[in-house]
Every structure is written in C-alpha cells, then in structure tokens.
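Here the chain labels run A, B, C and D in written order, and each chain numbers its own residues starting at 1.
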Amino acid sequence: MMQLTTDELRHLQERAYQIRRLSVEMIAYSQWGHIGGSFSMAELLAVLYFKDMKLDPEQPSLENRDRLILSKAHGSPALYAVLALRGFMPEEKIYQYCELGGLEGHTHIESAPGIEATGGPLGMGLSVAVGMAMGLRRKENPRSRVICILGDGECNEGNVWEAAMSAAHYHLDNLIAIVDYNKAMAKGFVWDLMGIEPFADKWKAFGWNVLEIDGHDLQEVARALYTARWVKANGSPVVIIAHTVKGKGIEQAEFNYKWHTHAPDPETADAMLREVARNYGYPEEGYSKLEKAVEKETFYGGE
Amino acid sequence: MMQLTTDELRHLQERAYQIRRLSVEMIAYSQWGHIGGSFSMAELLAVLYFKDMKLDPEQPSLENRDRLILSKAHGSPALYAVLALRGFMPEEKIYQYCELGGLEGHTHIESAPGIEATGGPLGMGLSVAVGMAMGLRRKENPRSRVICILGDGECNEGNVWEAAMSAAHYHLDNLIAIVDYNKAMAKGFVWDLMGIEPFADKWKAFGWNVLEIDGHDLQEVARALYTARWVKANGSPVVIIAHTVKGKGIEQAEFNYKWHTHAPDPETADAMLREVARNYGYPEEGYSKLEKAVEKETFYGGE
Amino acid sequence: MAENKTNTEEFRDAFGKTLIELGKENPKIVFLDADLHTSTKATGFKQTFPDRFVQVGIAEQNLFGIAAGLAFEGFVPFPSTFAAFASRRALDQIAISICFPNINVKIPGSYCGVPTSRAGGSHNCIEDLAVMRALPNMKVADPGSNEDLRQIMKTAVATPGPVYFRVTRYAVPELFGPEHRFEWGKGVVLRPGSDVTLFGTGVMTHFCLEAAGILAEQAIQAEVVHLASVKPIDNKLIVESALRTGCAVTAENATIYGGLGDAVSQVLAEAHPVPVHRIGVRDQFVESGGIEELFALHQMTPQDIANAALQVIRKKAKSEQEAI
Amino acid sequence: MAENKTNTEEFRDAFGKTLIELGKENPKIVFLDADLHTSTKATGFKQTFPDRFVQVGIAEQNLFGIAAGLAFEGFVPFPSTFAAFASRRALDQIAISICFPNINVKIPGSYCGVPTSRAGGSHNCIEDLAVMRALPNMKVADPGSNEDLRQIMKTAVATPGPVYFRVTRYAVPELFGPEHRFEWGKGVVLRPGSDVTLFGTGVMTHFCLEAAGILAEQAIQAEVVHLASVKPIDNKLIVESALRTGCAVTAENATIYGGLGDAVSQVLAEAHPVPVHRIGVRDQFVESGGIEELFALHQMTPQDIANAALQVIRKKAKSEQEAI
C-alpha cells in the first residue's frame, strides 16, 4: 500500500499549516468568511494539491490535469490559500478576498486560475463534477480525475443525491467525492439539526465505493486518494468520508459551529494564528495585518 | 396477521376494476392523461380507499381522517376515479377531466373534495406529506396517517431524498410512503434511464422501515398497510415498495412506457375496456362515449 | 418579409429537426434529457447521435449541473425539459452554475404557456420569460415561427454564453422565408403601420398579425413588430415604431408580470412614453382546458389584441387632445 | 409622516423581534429554519417557542414542501432562508405546492440585494422581486424601515394566502411612527413634490429621501413615494403622483428586470405615460465588495437617483416643448 515518506509528511503538514494560516489572514483582513470549514479541509487540500493531483500552475487549463470542485464553496479561504501556495496566484492576492474585482466570497471561476467552477449555494457541485467526469470520458481522457469536496451538512441537499445516483448509473469511476464530515453545519451539530447517519450506507445504497478515513491524518488521506484513483477504479465512483474536526487547530473553534462563519477581530486573529503555530509545532507567527486598523466601512463579521 | 375475507377480496377487486375502467373513460374522453401509471396503482388505491383509510365523503375535511397525497400527480385519473367511486363526487364529474373549471390534469386541491394537495411537478409530494405528518403530531392526533404515493422514476428527484431524510430525523411513523415500482418512467425503463437499485437499501439507509410487496396482490397490499399502521409504528416512517406492472390489465400497455402518456382514440378505448373486463372476469363493458365523436379542437394525445 | 404559409408542424417538430442539423454542424453539441425526449422531440437527435444523447432521469437540478460540467469541458450542452421545470425546478443551478460563470449552455424550454393546455396549471408555464429575464448573462428568445426557431437555435450555438429559448407545443403559419436571420436584440417589422404598434413575441406574433387584419377592416393601420429576442430587447426599433404610431400593445404567451410587456413598457417609459396595453396571462394559473378556449379565457385572442389596440389608440387621442 | 430617527438596528433584528410578537398573538405560527436561524435572527423565536421552531437542515425544497403540509393542517408557517435560496432553490415548490393551492405560507427572504455584499454574486440576491412577482397568487413586499417591516409582517399574518417579504441585512433610519399601518396595494407619499416622483421600495426609499434632499438644494421639488407593496402595486397613487409631477424615477435593491421599475413603468404606460428612469442592478451579478462601494458601483446611491431625476425632468421638458 502506498505510503508517504517522512519528508513528504513533513512537507504536507507544513502546507496544511500554511493553508490554515492564510485562511485566517484572509478572513481577518476581509472581515468575512468561514474558519471552521476551511480548517477542517486543510490536510485534505494539502495532500490533494501537493501530492495527489496532476496540476500545472503555468497551465491552469492543461487538458490532462485533475479537476477539483469545492461544492462547499464557502470553504473558499482554504482553496484560495492552497492555490496561492501552489503558485496559481501571488500570495498577496489573498488580501483581495471579498474585495471588488478580487476573490469572490464564494469560489468563482473568474476569481483565480485553478478554480474550476462557480459556487455558493450548497449541494450543486457534485452535479457539475458529474458533468465534467462525463466530459472527460467523452474526450477519452482516462487519466484525469474530478474531485469534489462536499460538506456533511451540505449532504442534506437533494441535489447531492440526484448527482450521486447518476454518477453510479454512468459508472463514473473517474469521479472522487470527498465529504468533509466535520460534524457541524452552520447553526449546530449535524446529528442534531438533520442527521445523516448511517452515512456510509447512504452512499453504498446509491452505488458508490466508500472509504472512511481520519481526514486530518495525512497518511490516511494520501492512501485513500491513491486507493480511489488506482485501486478502486472498478466502474463505480468513490466517496471518501473524511472524519474531521470543524475548526481543527484552534481550540475555541473546534467542533464549534459558532465559528462556522465569523470573522475574528485583529487581536483574536493574532492569537488564533499563534495558537495554530504552537499546535502544529511551528514558530509563532501572528496576524500580519495587526498594525493596520480594520479599514472596512462596517464590521461585517460574516454571520 | 391481518387477512382479507373472500368477500372483501371480491369487493376490492371489483373496485380496482372500476378504477381502471373510469381511468380509461376519463383519458379517452378528455384525450389527455396517463394510463400506465393509473393502472399500476389500481389495487393500491382500492385497498386504501375501500379498506384501510379512515375517510368520510360527507366530511372531506374530517379532522381525524387519513390523508393521501399523490406525489405522482399525473396518476390523477386513478385518484379521481377512486374518489368518485368512494362518493366524494358524482361519477359523471370524471368527464370534466381536463376541462375548464373541471378536474385539473394533475391533481389539484380545488378540483375535487378528497384531494389533499396540488401537484404536477414530480418529487414534491413527500415533503408536503412530511409537513402534514408534523402538523398531525403538533395537533396531538395519534390516529391519522399521511400516505404518500410516489413513482419509481420520481425517486430520481432529490427532493424525495430531502423529505425522506427529514421524515426519519423527526421519527414520523405516522407517515407511510408507497412507491409504485412499475419499472417504467415516461420514456423508458427505470433500470435503463436512471437505475434506482438497490432501492430498498436506499430507504433503509435513509432511516425508513421497508416493506416489499406485490402491489397487485390485494391481500399483500392490505397486509402491508396494516403492518405499516399498527405493527411497524416504531419511531420510523414506513415505505411500502409495491412491485407493480405499468399499464397492468391491458396487454399492449403492460410494462410499456409508450402508454405512459397517450390517449386512446374511442375505438382503442373501447377495445381496451373490453380487454380489461375480460382479464378481470367481469362482463364486457365498452367505452361509454363511443358514439360521441372526439369533440376536442385538437387530438391532443397527451405526449 | 412576412410570408404566410400554412403549417401544421409544431415548434417542437422544427426543434427536433434543427437539433439534428446543428448536431451535424457542431460535434460539441450534446443533448441532455430528463425523461421527456419523445415529448420534446429530441428522439431524432438521439437516433442520429446516440453517443451525444445523455439521459439524466427525472432530476432537473442534476440536469443543469451536469450541463455546466460538460460546458466547462468544452461541450455545448442542450439540457432539456419542460419550461415549467427549466425555470422553476433548477433556477439556482441555472443562475449560479451556468449564468454566473457565463458558460455555453443552451436551454430549450419546452411546452410553454397556454398551448400546453390540458396538463393544467402546474405545466402551462407562464413564468419562464420573467424568471429567465431576471438572470444576469442570460439571453432569452421566444420564436414566432418554425424558421424563426431554427435561426434562434443557430444563433444560440454561435453565441457564447447561456441562452434560454422557448419551444411551444403549438403550430403557427410560417412568418419567414429561408433568408430570415435572427439577431440578438433585433426585432422585425412584419407589417408596417401608422396608428398603433403591436409588439408580439412567440406564438402571439401570429395573433398580432391576425389582429392587424381585424383592425385593417376598421381602417386602422397597425404596425406589427416581432420581438423574438426578449432579452436583449430591441430598444431602438421599439422607440422608432412608437414614434411612428404613438401607442402600443404587447402580446406574450406568458404572465404579463416581468416579461415582454414589462420590457417594452420600460423601454418606452425611459425613451418615449406612449400608452401601452399588455396582453398575456394576468396573474393566474392557466388551468386545464382546450387551447383556443384558454386563449379566449385569458383574453389573448387576436380579437382581444385588436380591442386593446383600440383602447390605446383612444388614450393616445385623448392625451394629444390634452396637449393641445 | 416621515420621521427620520437614527437607527442602528438592522431589518433582521426587527424581524426577529416582530416574529416573537406575532408568535405570542398567534399560536398557529410555526417557524421553519434551513440552518440559518442565527443569521436570519430567528433565534429569539426559537428560544421563546422551542416547540414551534422546526429545523429542516440545508434542504430548501423540503423546507417549502413541509411549509405547505403544515399550512394544509391549519398552521401559519414561516419557512425561512436567504432570499437567494427562497427565490431560486425551491421555486417549483413555492409555485405549485404553495401558490397554486393559494395557501397560508409567509416567506421571509433574508439577505437581499447589495447589502449582502461580501458574500458575493451567489448570495447578493437581485432576482427575488422579479421571480416572486411572476407567481400567481403571491403577494410581494419590500419594507422601507423596521416599523414598515413590522407592519408588513402583521398584515401578512392577517392576509390569507402566500406572501413573500424581504428582510435586508442593513439598517436605515426609521421612516414611520407607531401609527403606521401597511396595506396591500397601498403606497405612501413620504415627501410631497411637484417636479418629479421618486418611487422607492425597500432600503432604496431611504436613498430616495436623501436624493430628494440633494434635489431640493437645486430647487427641485421631488415627491417621494414609498411602494413597499410591490405586488399588488398602488396603481392609483402611481398615476396620481405622475399626474402631479410628470416624470418618475424608480429605485429598488434588485435587478431592474422584472421588479419595481418594470411594475411602475407598466402602470404608467397603461394609464399615464411619462418618462421613467429605473435605478437598480443593471443585469449584473453583484460580486463581493463593501456595501457602500457596491451601491456606488451599481449606480444606486442617492446621488445617482438625483441624477436620474434630472434626466427625466429634462425629458419631460423636451416632450412638453414638442407638444407645444
């Protein structure tokens, strides 16, 4: 079975840390955004963009690249962060998050190279991914994969199950769904607001191969992606149910839907960033814009 | 286990026959409508309206009645037929099917007493049924049941799965869904156009009790409804997967999606009605309006 | 320009044929069906290009999402369903997965308005023009004849970005010859006149021509302008014609809230205010009934258009009086 | 009538309070949430009436279907989500499960138009007025202040049938005192004037008042009419005011395609044609940005309204000239 080397592990962990760091920078500076759902995806995105996916920042529309659609498009800070880290845009661009002519609040194809679709309303991305996977089949491209990241709460949406049904019907084993099962949605816990268990059974009954992993364990993430791509390509799409912690890395945000959408003030952002650095064993690095007062016309907060 | 008497069986079979007969009368006379999906439900509706459901045609909005929502609202001929047979409206009213001020082409609450909601677009009825079942709980009515009939093709719709998820979450065991699994949708077979198997597993994974029956066997239908109402009321909603034959009772229509929506000309209607009578062992009775020419301004057909 | 030939082919038949024609010209075209292809008349396309026909089942949200995905991969998808479901069932998908990224998806809305008739209020879709018009980046067209539909479809494929066009289950006499070309934002004067302009779109243009005939008997010269392109709309021609005639009637096979009538009223209110009367469904569900019966019930017949014309002509006269 | 008090409470705060007030008056009211209640500010209702708060998760089609079912059982449901999803995600359910049977469902559309701001084009909903207006049986209101919203909510509960009203994430000075009453199809003259009418709805009415102030500095007397009831609309007052002033500007926090601007243009075109200019989003997605920045970008500021007023006044003068 495929195994990350110690060097790879160290590298990916640092990338995951940077994804978290840039996400907080972005959200604090724009005074808008979703910390919880950005943090829970950090390891997933790190492995995808720095290990698993075929990509070329110089040729963002390379025909045989892998495509990623962030169906939970409010997780945009983490995606913009990883794209910046991977060289799709200069890192400074993250400070244009939610600015006129900058990076849209929810991922938008025109915002940055490397973004493959436009989102915002939950539940729609898997259908777009199904269409892309069909398109790749039509173009006889056997290498590219379409990866779609969904939220757990998002899986309340019927559109997800329409897409799931059709992906199995059309044997789209070039499609990999990843559910960021971080146990919380916007206003509470998944089990409380709208339970989705038995979750793996749902996907199985809809005709998918199911892998369940700890979504913060880089080794498991890498292995699941490898398995989905090379081992389980048996005529059915694969879903990776990634058990994660919403807000993972900041104590007050962990499993806490109150930090689903909320922008920290500069001091809180600073403290959060220092905490994240400590938690992951990096030198403390505070909020880079701490000196700049909040310049926005309103303290928007995000909720 | 509950068992229908021979007399009951004979009576219900005759009612099922009459539902088929009136459906053809209606569709032939209006030159619009869906034979296949009306015929596949005949036994289901016969048992529901003449054995299982608490109803009073004199008091259509009796508080402790059972409610039925035909989510596959194009099956309106069969529902209007059974309501006429059960005394909710004069039988002659069926000849106002699709006429101005008459019975709407798709079931509409204002068309006839006994219709509980308005439909037409597939996939929406189960949500309305969930709302009603919640409403009954709020009104502390423990006796009434909400019954919702769905098509198999209709279960492609994500809205169905949103509703299913919420019914289980809210423990609505006063809700009974019946899927008329007649194997065909509008333009082809279910397995071919959009497979839904493993179908029972889908409902189970969405938290429902599942019963599978032959939907043309009156004894099985009655038993399943009894079980759903009195035996399986264990905190989860119940779905009865009724295996049926689209167009059951007319050879050329059986399992044949070409008769999903198509209005027979008067001669064909006459022959169909005679065939149905023969098949179910009743004296041959032809199309009652055979002598009247088709008076509609266009031969609409229905497709 | 206007040629009246008798024609018993419905729009959907012309749609089916043109689809094959376009399919031959452009290998990127893919047709997506949601369990309605024999009704929408895409069966010919399916038979001719079985590999380019995708069945998604009864799942319209998925239909439009898949279309977006295929468009991102360079295809030209035609996701097809009834107008009712295109405009109401998957509007979020159309707006955000398709219109916002401004991608190449061509949406035929089938079974529009009154002529869907017996299927009743849930199917006789009157909202699509208003709804689609409200979406940024969306272009909207309602053809007046089969040749018009054919040209709209050709233009739709040649135009990048999302397009919504109507395919009504109805037949009208052909308005155009083979030389006809459709252009976004361009209307056509089908009959010149000086007393009133009848602005029609879709099947109602034919009714406008009949209304002009009725009016001619009373020595009233009605100009008939066909506005297949509902969005963008032909501001210039609308104003020019109103300058000539001084009053207008609009006619659409849709609700008068938010469609052609509003569009024309607004163009005129902005540039050259004249009396306008709108013909269309007046905020009611179009319940089951016969086609012609329903047109009569909703006061959408040629005679109703002629009566409306007389009304606005009277208003024009009155305001001219006042101005003097 | 117009009282300008400073006010830092957003509409959604007033919404939350009024909801509790109504909940106390009417035990049939049930609030349905789709995972947004702390944003929409229904948390107070949830705490006060935990048994009458239903969480349906992130499933808007189901949200409105359940609301229909509860309404059939005699409840008065408030199915709540963002305006974007109310108008786009579940339109078929709203149209056919709710509007066609004409049942008692009250729909608050939260986070409307430009002030949703940084969330971007998918959330800054501009289509809801057009879309909801196109549905038969639906009544539509966009309140101009918190007291207006409160009265709209009271009236909505007192009116049988479906209602859509907007709850914008924004604060404006209060326009009304406690004596204010809302009535369907009734507008309010907030400031009388003789040179031009500024018809506003929602938060834009406040901008119209500011525009009238700007115009007054140039000795132009603008009449400001608040049309919270977008459908039905106050035909009578619109015409009366236009008769007085001879030209009009409309202003809405929404697309100009199919909303207030079209509605007013059409009323005037039918009854008393005068020059009209529409202020609103001009067929673009409202991408992320700061609130005031976005109002400026989309030319929807008081100054833009004042400029539009000058334009229509010029047009009026020109056409009067021509008439002489």
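Just so we're on the same page, a residue touches a chain if its C-beta (ideal position, glycine included) is under 8 Å from a C-beta of that chain, and two chains touch if they have at least 3 such contacts.
Small disclaimer: the values here were computed from a predicted structure and weren't measured.
With centres defined by CA atoms alone, the chain at the far end from subunit D is B. Centroid to centroid, with C-alpha atoms defining each point, subunit A and subunit C lie 42 Å apart.
Taking the mean of the C-alpha atoms as each chain's centre, subunit A and subunit D sit 36 Å apart. Subunit A and subunit B have CA centres that are 44 Å apart.
Counting only residues that touch two or more partner chains, subunit C has 56-57, 59, 61-62, 84-85, 88-89, 92, 96, 100, 121-122.
Shared interface positions of subunit B, defined as residues touching 2 or more other chains, are 108, 118-121, 123, 156-159, 162, 165-166, 169, 194.
Contacts between chains leave no pair untouched here, as each chain touches all the others. By the touch rule above, subunit D contacts subunit B in their complex via residues 30, 51, 54, 56-57, 59, 61-62, 64-75, 77, 92-93, 96-97, 100-101. Interface residues of subunit C, counted against subunit D in their complex, comprise 84-85, 87-89, 91-92, 95-96, 99-100, 121-122, 126-127, 130-131, 133-137, 231, 255-259, 261-263, 265-266, 268-270, 273-278, 283-285, 319, 323-324.
Touching subunit A in their complex are the following residues of subunit D: 33, 35-39, 55-59, 61-62, 84-85, 88-89, 117-123, 287-294, 297. Residue ranges of subunit A in contact with subunit C, taken from their complex: 108-110, 116-121, 123-136, 138-139, 146, 158-159, 162-163, 165-166, 169. Of all residues in subunit B, only 30-32, 73, 97-106, 108, 118-123, 153-154, 156-158, 185-188, 193-194, 261, 296-298, 300, 302-303 touch subunit C in the complex they form.
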